[in-house]
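You will see two complexes here that share chain A, one where it goes with chain B and one where it goes with chain C.
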Partner chain A sequence: MTEVMSGPAPYIYVSTRMRVRKAKLIQREEYLRMLNMGLPEFTRQIEEMEYKREIDELSASFSGVDLIENAMSWNLAKEYQRVIALAPGEMKGFTRDYLHKWDIQNILTILRGKVQGISDGKIRAVLVPAGELNAPALDHLLAESSAERIIETLPQKQLAAVLSAGLAEAIGAHSFGSLENELYKYYYATLIKAARGGMKGGLPFFKYVVFEIDIKNSINLFRIRAQGKPNANTSEIWIEGGSYHTDELERLCSVANLDEVIDTLKKKIKSPVLIDALESVREKKPIYSIEGMLIAAQLNQMDNVSKRNPFSISPLLVYLERKKYEVANLRALARGKEAGLAPAVLEKYLVM
Partner chain B sequence: MALNVKPTRSELINLKKRIKLSERGYKLLKMKRDGLILEFFKVLAEAKDLRNDLAIKYARAQEMIAIAETVEGSIGVKTAAFSASENPQIDLKSKNIMGVVVPKINPRSVKKTLTDRGYGVLGTSSAIDGAAEAFEDLVETVILSAELETTMKRLLDEIESTKRRVNALEFKVIPELIGARNFIKMRLDEMEREELFRMKRTKGRSEK
Partner chain C sequence: MAIETLTIEVAQEMAFGYTAIGAGLAVGLAGVGTGLGEMGIGAAAVGATAEDREMFGLALLFTVLPETIVIFGLVIALLLLFL
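Up next, the complex of A and B:
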């Protein structure tokens, strides 16, 4: 592989490669065709795609839809590792920071599994080494005897500090929910800090992170509203750094009038894609439908930003997210077909 | 019918008292049986509705977990499931239906808010919420159903034993007592007739 080390060339090179990879992802028409396939036909189709190697690798350990799901997760992890390796200079740092959420997910899974006495094999089966911590690093953590030792062994010391601060409470309360929320808040704070660090390419990245925080906060606001308990304490679930103040979001949970909520949300955002998505929420819709629309809005916004900034981090982020949703869609198709869900039901949950 | 009774007047009085008591008991038990059957049918109607509800909620929970696995994958669902370690609690009391002690179960801490479920809100999607909510609903209905099913089982047991006692009184105890009473009456009458005959004979002899 030819590597260009200076000037704008590395960005141009990587952005172009990401666009090419994105173009190879499965298109809407293909998903619609897959929706009408039976499970055996769909499985054969998957085996003919780029997931074949992972299916062959894991076929000794898994079977059926579990094999498809794990092979796709494994493929996603490998692809992300390849993207990290491909990204030049500052872009590599941003990419690592962005994929850090997979580390958080894996570490939490290991901690939860260890605390609940689940075997290492079972925990390993649900890890997706798509972040900075690759498979050997996660195996190393798994081999540790206690949650405290796992945290001590972590190479990311700041993350370890957040974990140490909340571990005793999590074990005491038999719940890692609060700790998980704190970790994701730390993740977004780290992203904002990295994007505002004055490095080249930071501004589009920063705008994207703010947008993602807005989407996350909006989805969680609608999730809280959907459960119909307006007085529930929600202070710990809001991510700071977005367009909305956390107090405002907490207040909106208890506002009965949906139009008022949407008007308030719309005041702070400029993205026409998100404004359109929020407008369509005015008609009362189930939460999965709202969530799907907001995620679609997020991806469309990313596409738009990527087109406006063709040689920035944006094409890379678009590819990472689109790849994530390709895997999610294929997994959804496999699981949905196995569960006997009707194509019309399944279609509602696909991000196309 | 093997009767082992002494044909005496006091025994007859005793038997008459026992017959009266048995008949009163029989009437009361019959009323209790009828009352229990009425109660049973009331509970049965509720239980029928609840069983239908349970079947609907079970189907919904199955669908929601399938959707959660569809959206989040088994990995996502298992990760969220690792978070829930607190078992649902119940308050167990008892109540009395016509002498039958039946449980009164109140589900506690089954339905939780999004932030109390144990999984992180920021790392999951609404599909997990949907599955958790559907299973909370199902568990709550299972608990309520356990109360009604146990009540029905205990009422049925009690109806069965009351029915046996009523039948025993109606077809065995009371007829036997009546038989014994009739036997004593007959023996006493016979003895009276013998006595009368004997006295007449004695009188006849003394007159000759």
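Up next, the complex of A and C:
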């Protein structure tokens, strides 16, 4: 089949498809209705939604909430692969690069599982093959005997180099935290490099990456402040490339006055949505509430940008992120209902 | 070299020729404009219909809206040729 890639028509076509798909995602009112459902009713509701096919496929292997959780992960992975297949021209490359974070998450899950001696079946159940590494590629990695062999087998050699550099330390310290930080720094550096590579449509993508880095760094800043360790060495956790300099973020961790921190953060931000979110942080709130507000601000800002740039990568990125949080919300609802949490408690953990 | 004189007949033929060119441009340029308008609408309409079949009727209606521009062009062409 000949693919016509010239002109704006393919971008308009894909952007419209993404906007229709986004409109079909669960809305706030529906979440509020789901909060008051019992687990059996909630399960029936999920089975009647677009997750039905995956639930049918996996019903022989899982049951109960595990089935719902795995079906949603599987649906997310398949949906992301379909989006990559749909994306035209340069958008395909950017989408692949953006979804690379799922590869990082999957590889880390496999390495953590292998090091802790967890069975392949259990590790496979929590993998989400939504990135470049599809299910057979992840199975191939799972079949390897050791963490070193997994890294050697990886097709992405630059990623493998970052993993090799930090693996021994991670195994020695019984913690993959530092390695995870390095991997995400590498991931965002790759995104910035791709966005600034001179390709058409790179500018909206670059702006989005910077915005996402700002959100990640802000969330990390508030997390560290919530831990109450002002003198802790935080230099390794900041992601470079955002609006804030890493030294400034490190300094803000030890500033006692919350208003000063928010004023400093606001100085370099233009997004009114994010400024409003930061303003509401002035009232002392628990960290999960701050995180939820910042993520909601990120999604709203992405919505605004996608409306201003309807034929760019923005509508596609908004859909990918909204879909991710739909799955996360439904998973939280399923697990929360199974654990018997009250709707008011569950609501605080949803990104709506 | 023969010197051509502009007779009334020649002038009338030239005027008709220019009118025909104008009529052609009116339809042709309107057609190009319609095509450009329909390119975006058509791509969006196909995208929307691919996601939701129920949108087909509405999408088709929006896609053919720019056709009115060709009709305007055609009306202008007919006015030029027959009035």
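Quick note on the criterion: the second predicted complex is superposed on the first by the 348 of 352 C-alpha atoms of A that agree within 3 Å, B and C clash if a C-alpha of one lies under 4 Å from a C-alpha of the other, contacts with A are read in each partner's own complex, and residues count from 1 in each chain.
Please note the rule applied: contacts are C-beta pairs under 8 Å (C-beta built on N, C-alpha and C of every residue); 3 or more make two chains touch, one makes a residue touch a chain.
Just so it is clear, the structure is predicted and the values come from calculations on it, not from any experiment.
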item	value
Fit-or-clash call for chain B and chain C when the two complexes are aligned on chain A	fit
Which partner, chain B or chain C, touches more chain A residues	B
Touched partner set for A:Y288, first chain B, second chain C, both or neither	first
Touching partner for A:A195 - first (chain B), second (chain C), both, neither	neither
Contacts of A:A226 with chain B and chain C, given as first, second, both or neither	first
Partner chain in contact with A:P10 - chain B first, chain C second, else both or neither	second
Partner chain(s) touched by A:L252 [first = chain B, second = chain C, both, neither]	neither
Partner chain in contact with A:V20 - chain B first, chain C second, else both or neither	second
Contacts of A:L299 with chain B and chain C, given as first, second, both or neither	neither
Shortest CA-CA distance in Å separating chain B from chain C in the superposed model	29
Residues of chain A that lie at the interface with chain B and also at the interface with chain C	none
Complex contact set, residues of chain C against chain A	39-40, 42-44, 46-48, 50-52, 55
Residues of chain A defined as touching chain C within the complex	7-10, 12-17, 20-21, 24
Residues on chain B engaged by chain A in the complex (per definition of touch)	63, 66-67, 69-71, 73-75, 78-79, 82-83, 85-86, 113-123, 125-127, 129-130, 133
Complex contacts: residues of chain A adjacent to chain B	66, 69-70, 73, 104-105, 108-109, 112-113, 116, 118, 126, 128, 174-181, 183-185, 216, 219-220, 222-224, 226-227, 229, 232-234, 236-237, 239, 287-288, 291, 328, 331-332, 335-336, 339-341, 345-346, 349
